[in-house]
Structure formats: structure tokens, C-alpha cells
Amino acid sequence: MVSPYFLLGIGLGLAFLLGLLGQKARKSSSILILVALFSFVGISFSWLWQFLQENASVTQFFSAGFKPPFSIALQVGLHEAVLTSMINVMGLFSFVSLWRNMKDGNEKLGPILLILFMGLNMLVLTRDIFNVFVFLEITAIALGGLILFDEKKHARSAGFKYLIASALISTIYLLGAVLIYFSNGSLYLDDVMALNNMSPMAIVAVFLLILSLVLELKPFPANGWALDVYQGANPAIGAIVSAAIGSTMLFLLYKLMGMAAFMQEFLIAVGLISFIASNLLALVQKNANRLLGYSSIGQIGLIISIIGLKDILGDQFLFVAFMILITHFLAKAGLFWLSAMLKSDELKAWSVFRKKSVLLVLFGIFIFALIGFPPFPSFYGKWTLIINLAETHNYYLIAAILIGSFLEAIYLFRWLGYAIKVDFTEYDEVKINWEKLIPVLTFGALLLASGLYMAHLMPGIEDITLWPLLFILAIYLLDFLPAYIKNTISIAALAYFSFIILPPYYEKDLLRFIFLGIFAIGGILTLIAGYAYKGKRRGFYPVALLMYAGLIVLIQAETTLSFFFGWEIMTAGSYFLIIRGKRSMEHGLSYMLFSIGGAYAILAGLGLTFAQTHNIDILSLASVTVHAKLIFLLLAVGFLTKTAALGLHIWLPGAHAEAESDVSPMVSAILLKAGVFGLFILMIAMGKNPEVASIAYILGWVGALTALVGNLAAAFQEDAKRLLAYSSIAQLGYILFALAMMSHLGWMTAMVYSLNHFMYKAILFLTIGAVVLRVGTHSMYKMGGLIQRMPLAFIAVLVGIIALSGVPPLSGFAGKWFFYNAVLEKGWYFQGAIVFFSGIVAFLYLFKLIYSVFLGQLKDNLRQVKDISIWFAIPIYVLILGIMFFSAKPEWVLQPLSDMLTQWYPNTSLSFDGLYINSNFGYWSGTGVMITIMIMFIVLLLWLWILSRKVVKVKQFNIVYSAEAPQRPETTHVSYNIFAGYYKALGWIVAPKISELWNKISDFVVSVAHFGRMIYTGNGQTYLVHILAFIVVTFLWFLN
Amino acid sequence: MSDEKNKFENPDYAKRTVIGPDGKSFVVDPMQDYFLDARPKVYEPVSIPVVEKFLNWARSESLWVLGFGTGCGSIEIPPLMTPRFDAFRFGVQSRATPRQSNVFIISGYLSIKTLKRVVRSYEQMQNPKYVLALGSCTINGGMYFDSYNTINRLDHYIPVDVYVAGCMPRPEALLAGFNKLKSLIREGKAENGNKYVKDFDWYKANQKKIIKDWNMPDYNW
Amino acid sequence: MEFDFKHLGFTLLGLLIVLNWGLLMSALMQKIGARVARRIGIRLYQPWIDLIKNYAIRSQISHGIMFYLGPVFRFSGGVGIFLFMPLIVGSVMWSNYSFQGDLVLIMYFQFFGMLGMALGAGESGHPNSAIGISRGLAQFTAIEAPLTLAIISLAIQYNTLSIVDIVEAQQGGIQNWSAWTNPFATIAGMLAALGSMGHSPFNLVKAPNEIPIGPPTEYHGTFLGVLRTNAAILHVMEAALFMNLFFGGANNWFEFILKTFLIYFWSVFVGVVFPRFRIEQSVAWFFKIPLIAGVVAIILFM
Amino acid sequence: MNTLIDRLAKLFSISDVVHQRPNLAFVTTPMENTIHLITHLRDRESFSLFVMLSCVDWIEDNQFQLTYVLNNPTEKIDVGIRCFINRDSATMESAHYLWKQVATYQRELKEMYGIDFPGSPRVDESFILEGWDNIPPMRRDFDTKKYSEETFFPRERPQSNDPAQYMKSKLYPDE
Amino acid sequence: MLLSIENIALASGILLILIGLLGALTNKNIIRMIVAFSIFDTGVNILIVTFGYMPGRTAPIIDGAKVTAQNIAQVAIDPVPQALVLTAIVIGFGVTALMLVFALKMHEKRKSLDINDYTDLKW
């Protein structure tokens, strides 16, 4: 094994050598330093290799041949090898990224950097407490030196603040180290740790040591100096501070914590407070680097608390800590390096990355990794963390961690939204040099690879779920191809995949078969509509497939982990789909926030489940006994964010309405079903538990009110897609209501509605989307009379609205019929009445939709508009055939459904008798009604036709108009605010109280954040006061 | 007034160029595009006399009057329909839309401006249709015989089935007029809807002679 | 049930009876209205003449295919409700095709005609049509709220949604009628009936003198004839629905005619007394007493 | 009322004061002063209500007489302001900015008398006579009977006589 | 033994630390702050040396007469704290020098040594 003293030797030797050499030799010094850094990497990798492959044992190297306490010991173990590898890789890439800064007379930077990383290595390796002090100071001085040569405007004042703060902190460390020595006569860490009972002096000493290390890790609120460095210094230096120094200090803390078990609680508290507070304060941050600083502090705080949780986590500790650390390390360094490419510090300036899509993708990867999305390591870290915390009943910690993560998600996704959507013309173009690109690319690739590798390693995630992700990667690489080729590939892939997966489920599990069918067939159909788009449609296919991959994983999930994995993947994909719309920035954000909030609720629920069952099988939900109510509620809330139940619905209208024409049906007709599927799974597993009945009752009311509010709100919309979006909310409200009934008929209703909603909402959204593509506006009052120009679209919408409204003979009536029977059987009369009332309110918006768009007066500028694209018409008419089939032969679908549901609800009053469906209450023959109505309609049509054959077809202004003639179609088409009277009577129900509530909450949080960050006055002395106050407060805490 | 507002408040039916949503511009000619520009047709009675007689009887017993008061005579309509005279007894009803009406009561003088509306409403009524003209004004101009904007003879502009003389005729006279109209219909003599079509050009020439701003198609379907 | 010509024949005969009774009933109602206003009023055969006249209009115009189909939809709606409604208690032949569906079917089939009419009138492009339809739909939702509660209450009471069963449960004397056994549901239902019959004060859909006649402004001639034919059938069938639900159904045609007349007369009676509501007043009205009555009716049977 | 007229007389050159009723008076001003007087009445004397604007064709004097009638709602008095304008070049200053409805009156006068009000909105659009192409019909040199006979297909009327003359000739032919 | 050498050293060390902290917190001038830090450092160093002081012993230098390789553990004081202090002084010197360079560079740019003038980075 290579001796670590070589690191010391190379570092110091080369630095001194370069100092001694003349001015000329310095020109070529860069090469020497590069070689040195490479040798660092080589040494640490060789250790890593030896530990991983050759199972080497931990070795200590002693200086000058003495044994401690008379010498300094350096220890090389697996942990040290990993950490030094990370640090040295970081050092190498930092050097690369600072390459250009080191030209033009600033060659001094090179040796300083070398010393810095040498110091960091030593900090990791050393086992001597005083030696730590020395290298702490060396790194501090080296970092100060780096900042000193930084040309950024405020770098030096930030550096000065950093220096005074670190001087104070290291002095505290020094005091601690000396006290340690006096209490037990040794500075050798292993000796100190070997002590069984410490003297009070030793306790104070250890307290001071840990305290100063914690202070080095920038705990809230004693961290203003660090924030200023992040903001003021070159982002490449920020990367070093955040990733390399942060990791080193964390490891140091971990190392020293071996002697300070009594401080674990302190670490947990400080870490979590930092995590939550810095994420909260970051909400109002507009400077990218400072934001990254806040985020770094937050992440490091989380890891501090994980170090504190060491005993609680037990053997999972290292896994959790390393997963989160590595994610933080790679992502934060990458983000800082990305920031280094930009001239402006503004968050919105990151939109220039749109010109270089690779960088945007990297940005997205880093953000998603930080939040803890799969397949990145932090996902597994967070999952394991939550699961284990739940197992040990640390529920408040779970809540705190999830709240902090949620706050972090808010600003990170807002930032990502800026990058994706904000107009970038006013910002300087990004200039990309190879030396800036290489580190970012490498780290991004490492992050992705580590994630996939981890997914491969994790128990509970099947490898098959990873193939789609790889395929998506491939599709991304093919992004330069025209859209139709990618479309074909995507359809083929989806078809192939569903062809493999789908059929076995028919026998095995009909429920999954149906939902998988909805996802797969719906996916294929909506993708067909994509042929209508010209050009390349960059970025569309990877994210669309990502969503479908997530959905499919969700269905296939056998374990709660892979269920959650699929859920998150689907969320990520759909987020990108939604944010592709023209004005979707804030809608994408609110979708993401609700989704993440929901996902965390699910995570917490699954964690609580695991705590009891110690089993990640998804069916283990059924065996929950304790906290069943809470678990049920958490999971239900999680799923309800996706189905947009009342109160959690405010993201949906904007997100669906502003999405692209073929995305709207994807996210409405298909994606929402994921929430429904989740609810199904939940209710199947836990529905039998008597404790959840009361919650189901509440869910029933929520569903009913959702239906009412959704439908009423839809009636007052002027935007066609927004109208349909509200309609979706209401339809999902029906489904929720029906599911909550927890009876055979109720679930029949839910299944029928799910199927129907998939078909007719896809038809409507596709058609309206296609119409919008043609006419170029969402506003219904700007359309009108399009039946003349778009008969295909009209027929589709007609079928869609008849089916949606539940008018016989089309399939929607099946849902209504089951509904009545289910409600009567269950006895939820008032909720039922609300739902029925809202079902009738649906007529208002359906009429408005078809009338305002297709009937009435054709406008001037739409006189030559063409019918909808054939690529939209194909899926639409396929779905219409589906509806027709379902309407004509409902029992063919309903009977298997009913049989399927009897496995959970064996007692059913439903019986099938030929063409008749009977329940306790009523009977209905879908086929018979269809035939009767068809015959009657045809006879009556003939009757009219015989009597009136000489009909003159007139044009649109040939109407009686009080003896005048209409003047313009715009003034003749009655559409805007058509239900004004109704609004006067019932509009109060849909007053946007819920949006106001959410706005107030978010305003409150923002104002807290704004108020809170005032403590960072920018004055170095204030920061000193913070540090001193922190010390005093913690000391007082410990005195108690 | 802004141009945009003016476009809606004072429109004309001149051709205009508009830009479609796909960016292509094209010309809209309201007269062609928004109005059916076809000549009216003659609708012959049913060729079987018995059937036609029966239908004429039904028509005569179901007279639906267009609620359009053109002049001072419209004040005579309310007493006609209310308890004092109760024209409902004779199958007379009032309808609000020319599409569903058969009888057009021209109740008094017609200014040129009103005539234009009368012609439009008359043409929007469906065949068979009848005109009942009240008062001297519709016969020879009455007291407005020398007015610069009141017509003198209605039958030069639309065909009249029955004139009811007087200034104004009382409801009794109107009832008598209805009875006359009924007998005309039953006899099959009330085919003025077709007469209007047959003499279409003559009527149009007369109308256009006095209606100077002719901004409608020749026949208002 | 197998297809049966005899059954079809009886159904068509029933349709004919209902049509003529509907026409006569509308004449009677107008006559009554006239007598209230101290007029003599129309002749009793006037509706037939009007119908013939309308079918005999020679010329017709159309605004498009949906305009043409609108009346057909509307007519189908009326005839459909007839088909799915049992007329006479205990008679297989006079129960039409009610074996194909229950009360829910009838409730939702009402919309078939409304929707078709709305679309047809919508295509005419006439502003008054759209205004009338929007009012009609708005009011209709309000009507359905108490009606739904009443029907749920009945379904709880009789434990069935089948009209045939509901009617049969009410046999055996006037004391068994829902009107006595479930008075609050009857109140809710009959107040809702006022709205669904479309007489004043709830006649703001057609709103004579205001938006001349609302949706059918552009309909004339044969189209109007079809609509009027349908109206005659529909009025009787709506009365028959309430008869079946609340007033014990009919054991024979005489009872049928008497009860439908009285139920229909109820709305006319109110109509000649009260002036027209505005839309927001009308909607709000249904959410007061009728709704409360419906809620009470359910609570009583819960 | 009298004090009002006195006050006005101090400020404006007014003449021909006619006290029609205790609460109605007419004054005549030169056309240059008219709008100033009206503005003064509106802003200083609380004549906030514009009642009407009418015209008389004095063809013999070759001038039009315009009459603006204003009302003071608080004191309940009316004042009519008359002015004369030349018939040949009939142009008057527009007062549409004082009250919106004046524009409509001016439009009517333009159509009926041919008096121009430059600057008045929509003054050139036809008002009641849609598409009139003759001389303005309310001018007294327009022969409405002749126009009617030429235009409106007059029905031949039976010969009519003055009843007094006719009876006299019938009964007392020799007188 | 209130005024023993240890106590005096201890008190002066603590006093210097307090003076240094107070100076660093109250002085707005950067140079004065740096001086205050130096005082603070000195106080800490005195403190460390004081801790390592053992009454009656001599310096741990083997000079053959008093201290020999054999009795060094008994007669000499512990050398480690002094070595530590030496290192700390060296490091403190480095830090102070770097601080001064910063002060110099900051003054070059803005012509001000008032710490309150350098609050552009905040919140």
C-alpha cells in the first residue's frame, strides 16, 4: 500500500519547489501541478482498488517511526480511500476548471490549490487531533489564498469575513485539542476513543472539538461568512468549498464523533435546524451562487444530522450517509461549475443553457438528484433513511426531514423552471470552454451511472425497470432526428414493451391489466397524435417515455420501493411534459410541488408501514395494525395530489390547460389514473381495516365536493382546455367518491368511470387540442361555427360529451347507473345527491364547450381553417370505436370487472342475466336500450325527412334578428360568460378560496424567509457575534 | 373611437382582408360568405285539390301573426288579442319570430327605414304567407301622402292580401279583415307569397328605388 | 324479453293516445288560462290545426346538419321517455319498454332530447337560442337537485329504482300513495315539477316578450311541427312520471288521463298566478324550500 | 331669472330677451359667442342639463336660427340661447364636448338641414334617412310633395273640393 | 496562592482573550480587528502554556546537568504544549499575514478600512 506520506511529500515539496524556482519556471508549473494532482488521484484510487478488490485491511502509518502519542498517525481504510478518491478527483477537476484563471500571471493559484487538496487529504487521513488543527489552518489559509487571487468583485471582502470566522473557529478547536491533551495525555484519536469514562475536562474538550467542527460545517445561524464566500467567490471555488471541503469536514466530524457519543442529539438538532432553516431562507434568494450556498448548507446540515443518527440507523448508517453525501458532492460541484460558465449571477440567467441542451439536461439531472428523485443515489438514501427512522419511531424527524426537503424542492424547481421557460435573450450567451465542460460532464455522467448502478444493487427494484431508463437515454441521444422518426421509435418501443408485459396480466391480475392497458394503449394513441408535429420536437420523447416508464413501473411494482420508484419517475417525466407548454412555468412548478408533497406523504406512509411489517412487499400494507389511520391518510393524500382532489387541485387547471395539444390528454386521461391506481392498491390493501372507515367516509365527502366544485368551475371557464381540466378534477372526484364507498358496486362505478374517463377525456382533449392547434387560441368565444370547417372534430366532441354526460345510450350511462345503485346500497345519500347534482351541472360546461366551439357563428379569420390533423383524428376515432363498443356491449366489459371485484367484495347484489344487469335496486340492459334508441331515432329521422325534403341550406347570417341583419359574427356569437345568471346564484361555491388559502400559506412562508435572512447583515462582526452566540447557546444547552 | 371598436359598432358589409390562424390572409366578402345569395323559389300548392283544400282550411284556421308593429296601428293589436275582442277565438295567435308566422300585419304608415325591415322580415317568413295592411297610409299614404320619407302604396313593395281601411281601423275592422283573409285562403286565392317570387324583379326595383343604402342580399332567406 | 309485434303495436297505440291527449291537454290548459283572463280562448281543436298547418308549411330553410337533427333528437327524447315509462299498473302491454331500464334511465334520458335540441338550436347561430339554452340548462340543474333528493328518498323507501316496483308498492288505496307515505319527497318532487313543466314563473327558457321564444327561434314548419308533437308527448310523460312516483300510478286509462291532467294543471295553476323569475332567482329558489323538503324526506327514511 | 339675464348681459352681448314663462327665457347672441355663453352657463350657472338643440329655417332672411335649450335642475329654470347662422355656408361650432348627446343633435341637424359641425363625432354618417341623396329635406327650398309624387307611386286621388266652396256652388250657384 | 505564577498567567491569558474578542467585535477598522485577533491568539497561547506549566520543573531540554535522558519525565515539564504553542504561533502568524494582505487588497480597491463598508454581500 502506498504510504500516505507521499501525498504530503508531493504536495509540500512541489509547492516549496515552485516557490524557490524563478519566474520562468513558473510558466510551466501548471503541468507539474497537474501531474501532482494526477498522482494524488492515482494514490487514492490504488487504495480504493486494494480495499475493494483485494480486501486489504485498515492500515495506519506513523511518522518518524514512533508509535503514538509520540508520532502522527495517518490511517488508510476503506472510508478514507473513498473520501480521498472523491477529494482528489474533485481537486483534479477543480484545477481543470480553474485552468483559464491560472493563466495571465496568476500561476500562483496552482500551488495554493495543491496545498489545499493536500491539506484536505491529510484531514481525512490523520488520526492526530492536533494535526487536524494544523491542516485546518493550512486549508483555511490556502482557501484564503485562492480567494485572494479571485478577480470577482466582492471576493476579497467575503474572503476576509471567512478568515476572521475561521480564525475564531480554529482557535476553539485548538483549545479543545489542548484540553484533550491535558485530560488524557494523548492526542492520538484511537487513544482518546479507547477511554471509557471521560473526565469533565475531557468532556469539555470533546465538546469544543465537535463544536468547532460543526461550526466549520456552517450551521444555521452561524454561517453568514460561508454564504458570502459562496456568493462572492468564483463558483469554481464555491464548488471546492461545498463539495470537497464540505465532504472532508463531514468525514472529520464522523471520525471525531467516535469519542463524542453524547453529542449525537446535538448533531441531529443542529443539522436539522440548518437543513430546514437554510432551505427556508433560500426561498427568497435571487442570486444563483448564494442559492447554491444555502442549498449546500442545507444538504450538509442533513448529513450532520445523519451522522448524529448513527446509532439509530445502525448498519444502514453508512449507506444512507454515503448516498446523500455522494449525491451532494457530485451535484453541488456540478451546479457550481455550471454557474461558473455564466456571467450573471441571476437565477433567470440560467435560461441561456437552453441553447446548449446538454447543459440543460445536466442541470436537470443535478436538481433531480439533489431533491432525491430516482434513479439517483440520494433517492435510495432518503428512502432508507425514512424507512429506518420510521422503524425506530422517530416520526418527528421524518416530518422535519420531509419538510426541509420540500422547501428545498420549491426553490430548486422554481429555478429549473426559470431555466426551461424564461426568455433568455437579455442574458449574455454562455461561452463554453472545454475545461469548464469536462468536469460538469464527468460529474453528471458519474451521478447517472452511480444511480443506475445503485438501482441495480438495491433489493426491491427489478432490473427490468431499468431497461426503459436506458432506452430513454438512447432516445435522448437520438434527439437530433426529426420528430416522426423518434415518434415511430417511441411507439414501437411502447408497443413492444406492453406486448411483452401486458398479456400475462390478463390471467394474473385483471386490475393491473386494465390500468396497464390504459397506460399503454393510451400512450400509444396519444403518441400517434405526435405525428402532427413538424420539426424535431427536441426533448419531448425522452420525457414522455420517462412518464410512461414510470407508469409501467408503477403497475409492475411488487414492492413499495419500486412502487415509489415508479411514482417518482412518472412525476419527473410528467413535470417535463407539463412545463413544455408555452405559459407553463408556474403551473409546472405548482404541479411539481404538489407532487413532491404528495410523494413525501406517500414516503412517510410507506415508512410507517415498514416500521410495522418489516417488509417492503406492497401487499404488506394489509397487515398494518398500528397507526392504520395515519398511514391510510398519508398514502391517500399522496395519491390525491395526483388525482387533484379538492384542496389539492389548484395545480391541475393551469397545468393541463397550458400543456401542448397532445400532452394534455396524456396528463389528463392517462396520468391521473396513476393516482386512481394508487388509491385502488391502497384500498385493496387497507380497505378491510375497520379503522380506516372513518377516513374513507371523509374521502367520500371530499370526492363529492370535488365533483361539485370541479364541474361548477368548469362551467364558468372561457378557456376550452381549462374547462376540460376542471372537468377532469370533477371526474376524478366521482372516482374518489366511488372508491371511498368500499363496496362492490362502488368499485364497479370507479372502474367504469376510470375506463370511460380515459376514453372520453382523451377524445375531448385530443380533439380540442387539435382544434386549438388549427385555430391558434384556447378561448372558446373566439371560435364558433367550426362545425362547418371541422366535421370530424365535431363528431368526436359530440360523442365525447354524450359519453361524459352519461346520457344513454352511450357508455357514460353505465357509470351513472352504477352510481345510483352504489349510493343507495351504501346509504351515502347526501354525498350521492351532491355528486348527482354535479353530474347534471356537467351539462352546462359540455354545452358550452360544443356550442361555443362548433356551433353558433363562424368567425372571419376561421373561415378557411382546415379540419383537424389526420394524426389526431386516428387516435380519436379509435377511442370512439372503443366507446361505441363499450356502449353497445357493456356486459362484455362489466362482467369480468364484476368478477374481478368479487375477490375483494364477495357479497354483491350485482347479477348478469343475458343482456340485463340487475342489482338490488334496479336493472338495465345496455344493448337493449342502444337498439331501442337507435331504431327510434332512425324512424323519427325518416319521419322528418319525408315531411321536409325541400330544405334550403342557408348561411350563418340568415337568421331572424329583430328585422335587422347581424353585423359581425363576433357580436352575434353568444358565448362569453354565458352562465352569468347561474354564477350570480351559485358562483359563491367556486370562489377561489382554496387558491387564496394556498397563496396565504406561501406568502407567509416567503415572508418568514425574507424576515429570517435579515440576520445575515453582511457585516463580518455580526457573523462573529453569531458564532459566539451559537457557542454560548450550545454550551448553555449542554450545561442543562 | 378606436378602430377596433368602430369595426364592431359601425360595420359595413364591404369585403375585408383577414389573417387566418395559420398566417395566410384571405378576403372575406360578407355578402357572399355570410348571406345566402340565391333567388327565391315558387312553391306550388299540392296538386291534389282535396288535400290542398284541407290544408288551406288548416292554414286559414291557424293564423300566426308576426309581432311587428310598424306604425301607429300596432296599438290596435293588444285590444284585439285581449278579452274585449279575443282574436284567439278565430285561431289567431301572435308569434315573435317571422320564421313561425304566416300573417304580417302592416299596421300603418311605413317610413323608408321601416320598409327595409319589413321587406327583410317578410322575406324571412315561410311560404305560404299573407299580408294584412291597415289604414289609409298603406293604401295611398294617408295623411303622409306628401312626406319625403313615407311610402304611399304598400303593394308596390310587397304583395298585400287584404287592406283594412280607416285611420286607424278599429279591432272590429281588423277582425273583419281576418275573416276576409280566411275566406281568401280557403278559396286558394291567397298565393301572394308565390306572386312576390314571380314578380320578384319588379318588387325589387321598386324597393331599391327608395331604399338607397341597400346593404343586404336581394332576398333575405 | 323477446321481440313481440303485439307489444310493439300496443306501444304505438299508447303513443297515439298519449299524443292526442297531450294536444288536448295543452288546449285545455290554454282554455283555462284564457278563462282566468276572462277570455273565451282558443278552440279545443286548435292544437291539431296548428300542427297540421305547421306540417303543411311549404318552404323550409336549414342552418346545417345539426340544426336538422336537433328536432329529431328532441323527438327521440320525448318518445324515448314514453318508451321507458310504464303507463298502466300491472299491464305488461301498457308498460312499454320499461323492462329495459329503471328510473335512472329515464332521468338521464331526459337529457338526450335537451342536448339534441340545444345543439340544433345552437347551430342556428341565433343569439336568443344560445341565451335560452343557457338559461334552460342552468335552471334544469337547479330543478334536478330537489328532484334527485326526492327520488333517492323514494328509492330508500321502496328499496328499488324500478318504476314498476315503485308504482306497485303504492297500490291498494290512496293511503298507500307516496304522497301520503312520503309527503316531503312529494313536496320536493312537485315543486321541481313546476320547473320541469316550463310554465311561468319558470318559463325563462322561452321567455315570451324577452328573448322572443328562445331556443326554437329559428325553427319553423315541419321542424316546429316535430317539436310541438314532441312537446305534447313530453308534457304527458312528465306528468306521468310524477304520477307514477307520487300518486300511485294509473290502473286504467281514465285514471291516467285524470291524474296527468291534474298534475299538469298544478303547474299551469301556479303559472297563471305568478310572474316570471329571473334566472338567478329561479336557481336560488330551487335551493330553498324544495331542497330542504328533499333533505327532510331523506332524513326521514335514512 | 332677471338677475341671471343681467349677469349674463354684463359678460356677453345678448339681445332680444324673451321672457316666455317665469322659468323660461330666450336670449339671442351672435354665433361667435354662443358656445362661450353655453359653456359659461354650464360651468358657472349650474345649467348642467342639455335639453335640446333645434333649428328654424328663415329662408327669407337667408339664415338658420339655432336654439340651444339648457336647464338648471337646482333652480328649475330653462334658458334658450338663439343664434343665427348664414344659410349658404351653414357651419356652426360644435358643442359635443360639453354634453355627449349634443353630437346626436348635431348629426340630425347635419342630415336634416345640412348644417355642418366640424369635429363632431360621426356627424357625416346618415342618421335617420339611410342613404339620403337629395338636398336636406327640412330645408324649406326642398319640395317634399313633388319629391313624394316622383318617388312613391302616388295613387290617383279622386277630385277633392273645398266643402264650403263646393256647397256654395252647388246650392247657391248664382252668388 | 492567588498570585502564583500560574494564576497570573491564567488570568492574563483569559483577559487577553476577552480583550481580543471585545476588540474584534467593537472595532470597525479592519487593521484594528486584525490586531485584536493577534491579541486573542496570544491569549490562547498563554493559556495553553499555562496549562502545560508544572510548578518547580525546568525546561525539557537535556542539558546534562539538571535534566538527563533518564529523569526527564520527572524534572522537566511536558514539552508537547510548548511544541503545540510554537506551531500555533507559526500558524497564527500565517493567518495574520494573510489577513493583512486581504486588508491591503481591500483598501486598494475601495480606499476604506471600515468593515461596515464591505456589506455588499448579505441576506
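Here the chain labels run A, B, C, D and E in written order, and each chain numbers its own residues starting at 1.
Criterion: a residue touches a chain if its C-beta (ideal position, glycine included) is under 8 Å from a C-beta of that chain, and two chains touch if they have at least 3 such contacts.
Model, not experiment: these values are computed from the prediction.
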Both-way neighbours, i.e. chains that touch chain D and touch chain A: B
Touching both chain B and chain D (chains): none
Distance-maximising chain from chain C - centres being C-alpha averages: E
Label of the chain whose CA centroid is most distant from the centroid of chain B: E
Closest chain to the centre of mass proxy, which here is the mean CA position: A
Of A-E and A-B, pair with higher C-beta contact tally: A-E
Inter-chain centre distance, chain B versus chain C - centres from mean C-alpha coordinates, in Å: 35
Chain D and chain E: spacing of chain centres that average the CA atoms, whole Å: 107
Centroid spacing, where centroids are CA-atom means, of chain C and chain D in whole angstrom: 60
Whole-Å gap separating chain B and chain E, where each centre is the average of the chain's CA atoms: 112
Touching two or more other chains - residues of chain C: 58-61, 217-218, 221
Residue list for chain E, restricted to those that touch at least two other chains: none
Contacts with two or more other chains, residues of chain A listed in rising order: 950, 952-954, 956-958, 960
Interchain pairs in contact, sorted by label: A-B, A-C, A-E, B-C, B-D
Chain C - residues contacting chain A, complex: 55, 58-66, 68-69, 71-73, 75-76, 79-80, 83-84, 97, 99-105, 108-109, 111-112, 114-115, 118-119, 122-127, 130-131, 133-135, 137-138, 140-142, 144-145, 148-149, 152, 155-156, 159-162, 217-218, 221-223, 225-226, 278-281, 283-284, 287, 294-295, 298, 302
Complex interface listing, chain B residues touching chain C: 41, 43, 45, 55, 58-59, 61-62, 82-83, 86, 88-89, 91, 93, 95-97, 99-100, 102, 126-128, 221
Interfacial residue positions of chain A with respect to chain E in the complex: 130, 133-134, 137-138, 140-141, 144-145, 148, 153-154, 156-161, 163-164, 167, 171, 174-175, 177-179, 181-182, 187, 224, 227-228, 231-232, 285, 290, 1013-1014, 1016-1021, 1024-1025, 1028
Touch list for chain B against partner chain A, complex: 7-8, 11, 16, 18-22, 24, 26, 28, 30, 33-36, 38, 41, 43, 68, 97-99, 117-118, 120-121, 124, 216, 220-221
Interface residues, chain A side, partner chain B - complex: 774-777, 860-865, 950, 952-958, 960, 963-971
